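So, here's a batch of structures to check.
Here come two complexes built around subunit A, the first alongside subunit B, the second alongside subunit C.
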Partner chain A sequence: MESSIQTPLPTAPSTPPTPQRNPLRPSRGHTDAVEGSATWQLADRIGLAFCWFLGLLFCAIAIAIVLYLMVQGIKFLKPSMLVTPAAAGFTEGESGGFSDAFIGTMIVAVMGIAIALPAGIAIAVWLVEYGRPAALARITESTIEAIAAIPSIVLALFGTVIFSSTALGFLSRTSQGVVFGRSFFAASAMLSLVALPLVVASVREGLNSIPRHVREASYAVGKTKAATTRRILLPTCRPQVATGAILGLGRIIGDTAIILVLLGATQNFAPVEGTGFPLNYLRGAGTTLTNFVYEASPTGNLNQPQKAYAAAFVLLLMVLALNAAADVVHRRARKVGTWSH
Partner chain B sequence: MRGGNSDTPGPPPIRRLKLEDPAPASAATAPLQPLGGQAPQQGGFTAARRSIGAPQFSIRRMEIDNVSVHYGAKEAVKGVTLPVRQGEVLALIGPSGCGKTTLLRSLNRLTELTASARLSGRILLDDVDITAIEPTLLRRRVTMVFQQPNPFPMSVFDNIAYVLREQGSRRQRKKALEPAVHSALDRAGLFEEVKDNLDHPALKLSGGQQQRLCIARALAAEPEVLLLDEPCSALDPKSTQVIEDLIVKLRDDVAVVIVTHNLQQAYRIADHVAFMYLGDLVEYNSATTLFGSPREHRTQEYVSGAFG
Partner chain C sequence: MLGALVCAVVALLLALIATVFVHAWPSFAHNGLSWFGPGGNVDDQMEAISLSAQTGAGYVYTFHAWPLIWSTILITGGAVTIALVSALFSAVFIIEFAPTWMSNILQPVVRFLASVPSVIYGLIGVVVIVPFIGNHFVTEPQKASVAGVISLTGYSLLAAVTVLTVMIAPLMVSIFSDGLRAVKPGWLEGSLALGVNRWRTTWKIGVRSARPAIVAGTVLAVARATGEAVMLAMISGSVGFAPNPADGLIFIYEPSRPLAPTIVKNIDQLSSKPANATLFAIAAVLLFSGAMVSLAGHIARRAMRKYGSA
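So, the complex of A and B:
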């Protein structure tokens, strides 16, 4: 009797090898192959939990600060405060607003960035497009980083030395041969140093991100380096220039130490007599929102906490507006398209 | 070497060339042997017809005279002598690393952008040494199109207008530049496709259109010599064909030098071919001769696909 060994024919599995998804349950956007942390070691799971906890904690703190300031600010901010100068008075209601501080912030911001932005772009262009001799490029980079690291109070001290010299007496008030050394010019000059490293870093990053073949394409049709930089590279870097300017403006607006030391710490504008507008104001002393918050806070000279919150709220709004502007610039630049490298 | 076209049936690519116009066979040249001993078949390489006829005229534009290019200690190009003529297409072929791109870039002094590059020998443009011409002026007369399409991140119009705007003078109005821009786009065969919206961002065009835009940009400078560095290697076959037709059309207006690693392309569109290997110029000949009955054994090996 012959026995035939019959091997079973291979058949297709009746069920698919992977468990079937319930088609009614929406896909969460990830496959079943993503690992969960259930298989990890205990130390790694604690680490993950730690990351989550800290992330959420600091997110909560940041939101708390912003929300608190917004609530207090909306409670106390009246539009009249922005247009009424500070006045002497016994109660908060009688002591006017902080219009001088508000305008003072605008002035130092504009003047500071007007110095920092062209200088920063020029330095960044030189570092990226030229950068020879290499030793000089390294020194320049290091100095810019050093400036970024110097505390602003130290910069302020340095500023008093410079601007108290008789050679620069025309930039501030002078009486009987003594140079006061504190004015909007002085404060703006030192504030530009605060903003400069941010502008340089941002523009450098923008220029470095442009691939080499774009420059070659421009040279290969007979354009000079100057034309290439001016017409192709810098316009392409507009988002990074805007980011640098906005970061710089943010730091300038928020700086207190340089203002306290180099702006004269008055409550209102103190223009210099004998000079025409606007130089008399710019050479004179004044105040900014940061100075005002310092003075008006419960520990300051004025003890007007409601106005302090209002001023702080205005500062916050300005910074948020700047960030929104940066976002708009970036979004519009993205529409032009990027290179396929 | 890439074999036949998509119509070729199963058998492996044909190695032996079979030309439509058989070159006069000389006794000294051994006939090319197909590798693997396969019998030559119909079809295959014969499908790569030459797209161009004989050149109508020929004007000497550039002379490359015993040129060597060193990158530091390494010698990338060794003593090459070639003429570049208007009215014909010169193809530089050779395996990777043979120095053909370096030679091309030395023609418009782009090698000077690399710090370690040194050039010896002479290159003449209309009998003037190119080192005596100001680099930017030279690069307007000898323009270059690169392998990867690289339009500027601006509109199509601005890409061309950028080349046309004169240095240092007042910014010309758009209206004044329109005819020149249209003409450049027309010469590149792109005008019909983009004329409805010249303000479209150039980076949104397709690869083939971008490359034609780069060619239009190179032509807008009204050059005497047009250099092309593997312009079709990043493109699909249809765009490649469009650009090859364009190159053939352009040869009467400008001297064309094209670097290509695609031997069929060189066969299709070149009048003269220079074969380089490891920095040396192995052979310079007319295209039909070089592919049909090359003088040098190395050339024979290369075009029959023994290496490369």
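So, the complex of A and C:
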């Protein structure tokens, strides 16, 4: 199905090139051809100097954050911390590692994106390909925008109401009729809402960039709308789907408020008795790296700064890896090239 | 089938709004407009509310949130103002004036800063920025002058605004640069052809026609700043105190606590009914102010339709 899209398509009405690609733009790469700053008035040159200052400041801040956490992280991170669960102890040497937090982050990331990705793709497809009635489409767009703007602590509070209801008691621990409401299910479900707008935006952008004639060609050979979407449009915007998933993952593993409220104030897994292996852990409370950093920081309940550095370093490495992955996807998508109009 | 899912998401949002306001109602109903006003110590009030669930003498709801609201305004306002200026200059730099190598470095740097989890910013704030402010900026006479009221340890407005600025500025930079990139080249060329230099062309034509993107980025940044809970809970000082600018410059060294961190700090009280209502009331205020900011952004952008983009 890949090859069917890449075959040159017959003549189509030419669309104007996007302004971003206009080579006439006096911009990067053309600076030498345009006048330099030497002829400008003093105020303008001070402004340009301020630009340079800010640019260098941003670089300096980024380097400082990475270097600081790297130095502290390498100093305090021991590989054993990643496989030892946290334990009660008086000194940092006695209190174990943060393996539960590390695994918790993975669980939450996988479960959160497993909800957000299909839902986000479906919403984006509906918005771009169907979008009728138009009023509902507008409402949906506003809804996605609103979800993106809702603070995660408010989402977390909403989660406590939903997941403490008796109807959803099977998703968390229940004791004496009271639903605990804190579990990996609860946290992942709410975290998926944090990732959802990013996935929708990215997939929408991808679908919108596919010219109309591609769809028309597919209809012309007798494919239905659903088949066109599934076999032509979605495979074509795979890079954007991947980008959305990566951005969403980044937000999920970086969120603390929802974890703090919906996963529990513990640093260990708290599996629920009476259920089989994966479910008992997922129904129980737990922790993630962000929660661990929060609690282990000097203002938290554990106050073990050395381990906070180590966990923060691990978290930062994950974020850096996700950023690098997003870059690779982006670059590869650009190499494949654009549609011939 | 897709339509059903879309309807479900819309319904979920409506359910969220309804739930938050229904749960918040007892707190608002009891306090009326004085909920938003000053009066008494807000931390003591919160404690009395939480404890009243156990005493059996009836629920207490009295809550005057002004110090929390004022702190939110000061911290958000300060951070957004600084971030707006620096993000605008940075975006202009990235799009127009930076040499290719420089903007090739800056773009990933900005993306990275935008994706650092807030708890890492909080940790760095706690272990680096806060002690630095406490040890080097705040003087002994200043500490002595407020000794009976609060202690100046470095957990302060200044620390909160500094770290929050670094958090939200990258977000603004990326939206501003998208806006600047989409400016019609012909407009810029027209200005250049008239002999206006590149700096002024960028500011008079480029930045002006990118105003819708600037509004959109600012709205998003305000939403992120008011909703930021964890980082601010760590470094704002976590005291229900309203720093008064009329006291002189010392107010930037004073601790406070915005609305969203208040929820985080009292999350253990969620099972106490009146405390639950109070925390949902704070969430309702956050939702409502977020909606108002978005609405203001929409209205502002509608007036800018003539600029074509965004």
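Basically, the second predicted complex is superposed on the first by the 299 of 341 C-alpha atoms of A that agree within 3 Å, B and C clash if a C-alpha of one lies under 4 Å from a C-alpha of the other, contacts with A are read in each partner's own complex, and residues count from 1 in each chain.
Simple rule for what comes next: a residue touches a chain if its C-beta (ideal position, glycine included) is under 8 Å from a C-beta of that chain, and two chains touch if they have at least 3 such contacts.
These numbers come from a predicted model, not from an experiment.
Engineer: Identify the partner contact of A:302: answer first if only subunit B is touched, second if only subunit C is, both if each is, neither if none is.
Structural biologist: Neither subunit B nor subunit C is touched by A:302.
Engineer: With the two structures laid over each other on chain A, which partner does A:214 touch: subunit B (first), subunit C (second), both, or neither?
Structural biologist: A:214: touches subunit B, not subunit C.
Engineer: Classify the contacts of A:126 with the two partner chains as first (subunit B alone), second (subunit C alone), both, or neither.
Structural biologist: In the superposition, A:126 contacts subunit C only.
Engineer: In the overlaid three-chain picture, which partner chain does A:293 touch, first (subunit B) or second (subunit C), both, or neither?
Structural biologist: So A:293 only meets subunit C here.
Engineer: By the touch definition at the top of the document, which applies to A:325: first (subunit B), second (subunit C), both, or neither?
Structural biologist: Neither subunit B nor subunit C is touched by A:325.
Engineer: Considering only the touch criterion stated at the top, classify A:151 as touching first (subunit B), second (subunit C), both, or neither.
Structural biologist: After superposition on chain A, A:151 lies in contact with subunit C alone.
Engineer: Which of the two partners, first being subunit B and second being subunit C, lies in contact with A:82: first, second, both, or neither?
Structural biologist: neither
Engineer: Name the contact category of A:115: first (subunit B only), second (subunit C only), both, or neither.
Structural biologist: After superposition on chain A, A:115 lies in contact with neither partner.
Engineer: Comparing subunit C with subunit B, which touches more residues belonging to subunit A?
Structural biologist: C
Engineer: Once the shared chain is lined up, is A:232 touching subunit B (first), subunit C (second), both, or neither of them?
Structural biologist: first
Engineer: Just which bits of subunit A does subunit B share with subunit C as contact spots?
Structural biologist: none
Engineer: For a test of understanding, state which residues of subunit A touch subunit B in their complex under the given definition.
Structural biologist: Spelled out, the residues of subunit A in touch with subunit B are 211, 213-214, 216-224, 227, 231-232, 235-236, 335-339, 341.
Engineer: Once bound in the complex, which stretches of subunit A touch subunit C?
Structural biologist: 19-20, 22, 24-29, 31, 34-35, 37, 39-40, 44, 47-48, 50-52, 54-55, 57-59, 61-62, 65, 68-69, 119, 122-123, 125-127, 130, 136, 139-140, 143-155, 157-158, 160-161, 193, 196, 250, 253-257, 260-261, 265, 290, 293-294, 297-299, 305, 308-309, 312, 315-316, 319-320, 322-323, 326-327
Engineer: For a test of understanding, state which residues of subunit B touch subunit A in their complex under the given definition.
Structural biologist: It is residues 108, 110, 113, 136-141, 143-146, 148, 150-154, 162-163, 167, 201, 203-204, 214, 217-218, 220-221 of subunit B that touch subunit A.
Engineer: Over in the complex, which subunit C residues touch subunit A? Could you list them?
Structural biologist: Residues in contact with subunit A: 2-3, 5-7, 9-10, 12-13, 16, 19-20, 23, 86, 89-90, 92-100, 102-103, 105-106, 108-113, 115-120, 122-124, 126-128, 166, 169-170, 173, 181-185, 188-189, 192, 197-200, 220, 223, 226-230, 233-235, 238, 260, 263-264, 267-268, 270, 279-280, 283, 286-287, 290-291, 294.
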